[in-house]
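First chain A sits with chain B, and in the next complex the same chain sits with chain C.
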Partner chain A sequence: MGTGNSRRVRSALAACALSGTLLAGAALGPGTAYATGSAASAASAPSGQGETTLRVKMSGSGIDTLNPFLAFFDGAYDVFAAIYPTLNSLDEQGRPGPYLAESWTQSDDKLTWTFTIRDGLKWSDGTPLTAEDAAWTLDLIMKDPVAGTANGSLVSNFASVTAPDATTLVIKTKEPQANVTYVSVPRSGIPIVPKHVWEPLAGKLKDVKNDTFPLVGYGPWTLTDHKPEQYAKFDANKDFVLGRPGFDHMVQQSFKSVDAAVAALRSGQLDYINGVNPTQFKALQADKSLLTIQEVGNGWTGLEINHNARTRTGKKIGTGHPALGDPVVRHAIALATDRKTLVDKVRDGMAVVGAGYLPPAWPQWSWKPAAGEETPFDLDQANKILDDAGYTKGGDGVRVDPKSGKPLELRLGIHADDTDDAGISNYLKGWLETIGIKLKIQTLSMSALNSDLAKGDWDLLMDGWTTGPDPTFLLGIQTCAALPKDDGTAGNTDSFFCDEKYDELFNKQRTTFDQDERARIVGEMQSILYKADVNQMHFNANTLDVVRTDTVTGMIIGQPDAQGMYPAQSYSFWGYLKAAPATAKVTAAKEESGGGALWIGGLVLLVIVVGGGIALKRRSTADDRE
Partner chain B sequence: MSAATHTPAALDVPRHHAFGRFCRAYAKRPAGLAGLGLLVAFGVLALAAPLFIGDDQLNVIKVDGPQLSPPVDGYPLGTDQAGRSVLLLVIWGARESLSIGLIATALTVVLGSAVGLLAGHYQGWVGKVLMHVTDWFIALPSLPLAISLSAVLGQGAASITIAIAVTSWTATARLVRAQTLAVEARPFIERAKVLGAGNTQIMIRHVLPNVMPLILVSSTLTVASAILSEATLTFLGLGDPTGVTWGSMLQAALMGGAVTAGAWWYLMPPGIAILVVVLGFTLVGRAVEHVLNPRMVTR
Partner chain C sequence: MSSLAAAGPAKAKGQGAARSGFLPYLAGKLGAALVSFLVTLVIGFVIFSLMPADPVRTLTRGRPTSEAQLTQIRLQLGLDDPIWRRFLTFVGDTLRGELGYSWQFQQSVSSLVADRLWPTLLLMGSAAALSIALGLWLGIRSGWRHGSLFDRIASGASITLWSVPTFWLGMILLVAFSVGVGPIPSLLPAGGMSDPSLPQEGWAHIVDVAKHLVLPCLTMVLVVFAQYVTVMRSSIIDEMGSPYLLTARAKGLTDDAVRRRHAVPNALLPSVTMIFMHLGILVSGAITVEAVYSWPGLGYLTYEALRIPDLPLLQGTFIVFSASVIIMNLLADVVYRFLDPRVRAQ
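So, the complex of A and B:
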């Protein structure tokens, strides 16, 4: 994964399962037919004589819109990182560095930030790029609710943004804010857009598709073409201020299934995939022409418990099971979850057992429960505390809540397109059954899941978030301010968590400029979350990447640690920028020995899916055949 | 034969003869017998599965096999990602796959026959309205409709069954209506009317027994496509994610990257099982069709 704050990329696959397009991708994925259909366009990308093209898999979410004020999908953020500038860049450790801003200073009262903007930069249409563009963009997001759709929360503490001259940008904040240099960074922050292009559109932002190519922007790349659900094509910006891209062109190719992308990668039609699953990773490790790397996980996968859904004024909402308000039941669920087994069986060992709320990719914030405070895996203990609290087992082995008289039958919502979720739910069902809690698994699409979440119509949910180096956003979705209003609007709460002490610490960390002190506060917040058992972290999955070594070099950023783990890759910015063509070209793409079996497997799938389609269709024409 | 139950006792004797004749004619069709053999084998395995497959072998928290391993000792068809035996999963999967297929077919046949019979008998506006509704359902693309239905009804076996039934009753309805029209044109129906038989009596006592063989043939073939549709829908992720069916096995294999890993032992068995059962129902259906359809008698 990249470095954005995002709920995992799950929506796209669910959507295509519903529209039936998965059929095509899934059925043909094993062979190469599907891959060639679309990858042919990648191979014939506009590379003239001797020109080079970097071919990468587009984020599984795809691009929801190219309008940077409205976009939410990972795929769109990858594109914006390539084509729009930001004030700061992020280095390997996730520290802010120069980009548009050469340098920055704070006033003594910590309320005014002054950025010095580079001189002499030009948008891709030749218009000068100045501090005025940045000021206008940030100001619009602050003042226009439509413009603030995607990134409004990042500037909620800004009082004003002005550009006294072409190379000076002044940001004044209402309260001191430690993370101003993270507000406009590639991918997870606000992209700066050209004022002269967007000013006439400001009144009707909702309808702007931003699809006249080539798009006017500034970045390592210029977007020259985009076909939804197919590809995005880019030309390199040879004068890019942070270095010239190693390739002349780039194509981001959309694939409906990762297996199809893997087939394209193996046959040499693709150069890089970010995010394969552990089974695919292991299979690809044997391939000599591929480099497989594991990144330290920048997100978590876990269970959320609807312990007490309510609005900001305390009005109860939703249909959550009342027994989940009891900390004993929540702790029993935590005791009955064997995180180590989940890491071993669901992620094939390629994950870190979860505990703290912030992922290991950003070690400055990582927190672990003190010795003796960890929740172990102990089914007997879980049974015991439930017995002691009066949850007696009924005749069918399911415990009954003594207060409400309702049996402990809980709904568990999982994402339709996530294999980790499906795997974990199987184990949870088994473990909870042994402690007398019955689970009913509900597979939901991303949008159904989100709407249920906001209404509180759930008991348990599998969820996952990734985050960039600044923890404010992720910590923020657990504050009381994130609860919905009485009318059900607003609020991006993740589990209806609301704790006074936590909120106090949240505000304190935001205004704490001393790094160590801030880390201590953030650790205390994670301790509160851990003890509440409302967000139970299962694991932090390593991100698994594959890159062809015969066509690309320099793509992977940083050095592996002692365990062979690479730092979290900001691939869509630094990776694509630093990638260069490999000199030694190996032409023949080897087929794996399992190729024959794969074809047969693919054929079987084809027979079933196409056969199913024909069978369904056949009935409608049965009378013609009579 | 179910048809016999609707006929007066006096007719029972010749009907029994007819059944014997049917059996003898069927026995002469080797393809039909082979299909029947396959179905009996799978049926017995599915019914007997609880006798030799325990919770310990299917529950992910209790199994301890190697993960995604090719066939080895003790696991003749290898294992899945949780370490469960693929052989046992395929056998267990037969239960759900077959029961969804059969129940969906029963629903299809009841719904389709009722609509067809009513539309054929009441040829006035009732029949017109019913046939227009049928036409409307025929015009709807089946797979997207089935997918949206199971999405609306919520995941699980019940909604898949309903989705299959709702999208597949139209063929039976048209078939039954056509046959009803043919039967009602015969003189004995006119005689019955003259003797004072009411609508219900004509439909249930006289028309239905004559339409029954056709319904039987059509339903045998419907089972085959219902099982295939079930596999398709669960493969697309619309089934119970913790349930074991052939379609969900294929889905889990595909989603888990078994294709890239070359795990043929995970993909092939459920696929072949679907193939064999569908083939079995088709062979039986064709054989019954040949035996019952007078126009096919010579072949």
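So, the complex of A and C:
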């Protein structure tokens, strides 16, 4: 009996030893812990002797391709903004400023723009950077359909682009175009590429991966390495015309889960994350080594209503509920939506209550309904207008459309991978039930939602858009021209909105060069959208950023307003440029961490040695015991 | 392993007969594998083509795109082609060994798969090797002494870990060992396959990759090894009452020798089946683990393809995954023939 017990104990110890082997892997000796800890605090983990590296999380969508003529993902444009120049930069308000172009003028007929290009700039391989590079890039996008894959629409109104000399760029447009200075800006615009590198590749653009490092470019950084889905590495351009980067190197590391990125930030493997969620943000606020800031959002989250989907010729398509064509029903839905609660509960208060179609990140286009014109949260009023319009409640409490006889049972499509959508839909379901509208929530993938959207096979959809500082594209998807053709092709409408007055204003703002007047027209357009209740803005989520203060300083641009909100960070272009290493030294806590790791590594090693010894001894005496 | 039932008409006429029957047996298996692969091709194409989706809208969602642009992109991607032409192109490309051109990454599917094959095999292979070794060892020990303290601990722990959602376990390990909790300091990297600020070659790089591998590999092992424990344990228990073990003991063999030389080889067959099935799905990666630890594997690549959906990439990865399973099944059939005389006798 005693032998049996003893065998069991030894076997258990041997099992522990094996588990210890696995854990040993986890510990990988104290060296791992120490390396991690020290790299963390140095922020600026040295790449060479005394050199510093800024480590940031790569934009969530990652890099689809490094070919600037073909890329669609934000991550790629983040990289392009760092390594390729643009004609204009953007200031804190999203207004165009100088970059390659020092200045620009328009002709009296508003059809010719003349940009004066800086003299003396050189690409990273030493070749002079001139107006000819810009002219060639823009001209190629205009004329070559493959080159225009990603950005063709931005130059669709261009008649010609020429470079009469090295410092002059002339753009002629077919019609007057107010937003020419937004066409080539960091991240949302067209990057200018070196003609001497790309001209030989022009005939086979579709096959160009652009992955011979270091890439020839000009910007605050030079791309020195990229591993798909892992990282992009940059060297600072110390002669950059808009200022020298504060770090010697930058690494953008890809994280597929923001939780993992947060873990990397907390353990010091990252210095900056742009775009955490409210829960993560609140948890990180308690960490003294981190700076948590909210920047005004550059997008909106809201509800699209399919009010009788139709084509450009007025042919009805899709399976939308006919009652949604009635402005009364749409307004009742707006009245039954408590946007303030959505901000408080779904975004933990980290959003602005929605109203205007354009987000607050670009204050020059910001619009709010005049006092007394806001749609309040008023369930009684919503019930009343539905009662008055003849939508009587059935026995099950669901109202019936008096015209079609159909109950007001509506499908609400939400994105499967969006937690905000899930939260909002639950609140909406409850509120709408109280006014006699029943919701059936359909959780769909983005691609399935897009497919249904184009065909009009939906009633209500949760939707969201972000936009760069020029509002033309976002406003354009609400024009009649965005409706699909009769054969179901073309069109990029969201809600099948089509309004003559809106279209007229849309065309007018495109040719209005006085920015204040243009803003007034854009405001009027947003007023039309607001009153139509077709695109109901719920909120503009604040962008939530976190920076390690023990490693980085100067990353956040601008000053907070009275509510503590920072201006939009212009897609990190300025932040990465102006960030500099903090002077903080390795903290005692980190050193302590290294010590703790030593202890754990030692303990694991002890377990392995003892367990292994027992197992070996047992094996050697097995025959004797038998 | 259902194909084992159709192992062929080879008759048991001793060793020589078994050898002479191997080639027809192999030919039959190869033929069946080829048919399976062709059927898989058709299924893969049909399933993905039927998906309700507008890939161009999803692809271009983040950029201002005009109608002319959208039309041009549809044309470039071949979305305007009738489905029969797309099918013929797909089959022709596949037979030529080409996997198509990814819509979202704008490069060949083969190069995308090749880029991620090594990270996938490294993670999945090391996790499989450890799971198999740990699971079989624990299963044999637990089965041989079933009901013992060791058995109760090993079986209980493995079943508990098997029940844990992989994503959740990954996050817990991430927080515990990367961020550090309580007395546990930050020990390991939070994600990725290597530290970009270190040199990407040489011994230092190998050690760095090993550090990054620990947590995802550990997560996979903890979740997967239980299936080997349970199968091996029950196989051993089934064998324990067999008369040949009594004979072995009567011949004076030690308990260890009886277990190792007699019980284990006979109890191993179900585990061999499972091992080959496991090897077959190695290349398909593990989406959840790759997502938690930002590991650049094929599983997450497939998920990314599904989001658009990027049909050539989906179909390409589907072909690779299917081929891998079919090849491993084929190998299992061949290995079975050598391991089990009963298969040779069929």
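Criterion: the second predicted complex is superposed on the first by the 535 of 626 C-alpha atoms of A that agree within 3 Å, B and C clash if a C-alpha of one lies under 4 Å from a C-alpha of the other, contacts with A are read in each partner's own complex, and residues count from 1 in each chain.
Everything below uses one rule, namely that a contact is a pair of C-beta atoms (placed from the backbone, for glycine too) under 8 Å apart; a residue touches a chain by one contact, two chains touch by 3 or more.
A quick note: this is a predicted structure, and the numbers were derived from the prediction, not measured.
Chemist: Could you look at A:83 and tell me whether it touches chain B, chain C, both or neither (first, second, both, neither)?
Modeler: neither
Chemist: Based on the superposed arrangement, let me know which partner A:70 touches: chain B (first), chain C (second), both, or neither?
Modeler: second
Chemist: Could you say whether A:441 touches chain B, chain C, both of them, or neither, answering first, second, both or neither?
Modeler: In the superposition, A:441 contacts chain B only.
Chemist: Give one of first, second, both or neither to describe whether A:541 is in contact with chain B, with chain C, with both, or with none.
Modeler: neither
Chemist: Which holds for A:259: it touches chain B only (first), chain C only (second), both, or neither?
Modeler: both
Chemist: Considering only the touch criterion stated at the top, classify A:228 as touching first (chain B), second (chain C), both, or neither.
Modeler: The second partner, chain C, only.
Chemist: Which partner chains sit in contact with A:345 here, chain B, chain C, both or neither? Use first/second/both/neither.
Modeler: A:345 sits against chain B, while chain C stays out of touch.
Chemist: Looking at chain A, does chain C or chain B touch more of its residues?
Modeler: Higher number of touched chain A residues: C.
Chemist: State which residues of chain A lie in both footprints, the one left by chain B and the one left by chain C.
Modeler: 18, 22, 26, 257, 259, 263, 445, 592-594, 597, 600, 619, 622-623, 626
Chemist: Report the residues of chain B in contact with chain A in the complex, numbered from low to high.
Modeler: Residues in contact with chain A: 59-62, 67-68, 81-83, 138, 142-144, 146-148, 151, 154-155, 167-168, 170-171, 174-175, 178, 218, 222, 224-226, 228-229, 231-233, 235-238, 240-242, 247, 250, 252, 254-264, 267-268, 271-272, 274-275, 278.
Chemist: Quick one: which bits of chain A touch chain C in the complex? Just the residue numbers, please.
Modeler: 8-9, 11-12, 15, 18, 22, 25-28, 32-33, 36-37, 39-40, 45-47, 53, 55, 61, 64-65, 67, 70-74, 145-146, 148-154, 156, 206, 209, 225, 227-231, 233, 249, 251, 253-257, 259-261, 263-264, 266-269, 445-448, 450-454, 466, 472-473, 476, 481, 489-492, 592-594, 596-597, 600, 619, 622-623, 626
Chemist: Which chain C residues qualify as touching chain A in the complex?
Modeler: 51-55, 57-73, 76, 104-107, 112, 115-116, 130, 134, 137-138, 141, 145, 148-150, 153-154, 171, 174-175, 177-180, 183-197, 200, 210-211, 214-215, 217-218, 221, 254-256, 290-294, 296, 300-301, 306-309
Chemist: Can you list the residues on chain A that touch chain B in the complex?
Modeler: That would be residues 17-20, 22-23, 26, 29-30, 257-259, 262-263, 276-280, 282-284, 338, 341, 345, 348, 414, 416-417, 419, 422-423, 425-427, 429-431, 434, 441-443, 445, 592-595, 597-598, 600-602, 604-605, 607-609, 611-613, 615-623, 626 of chain A.
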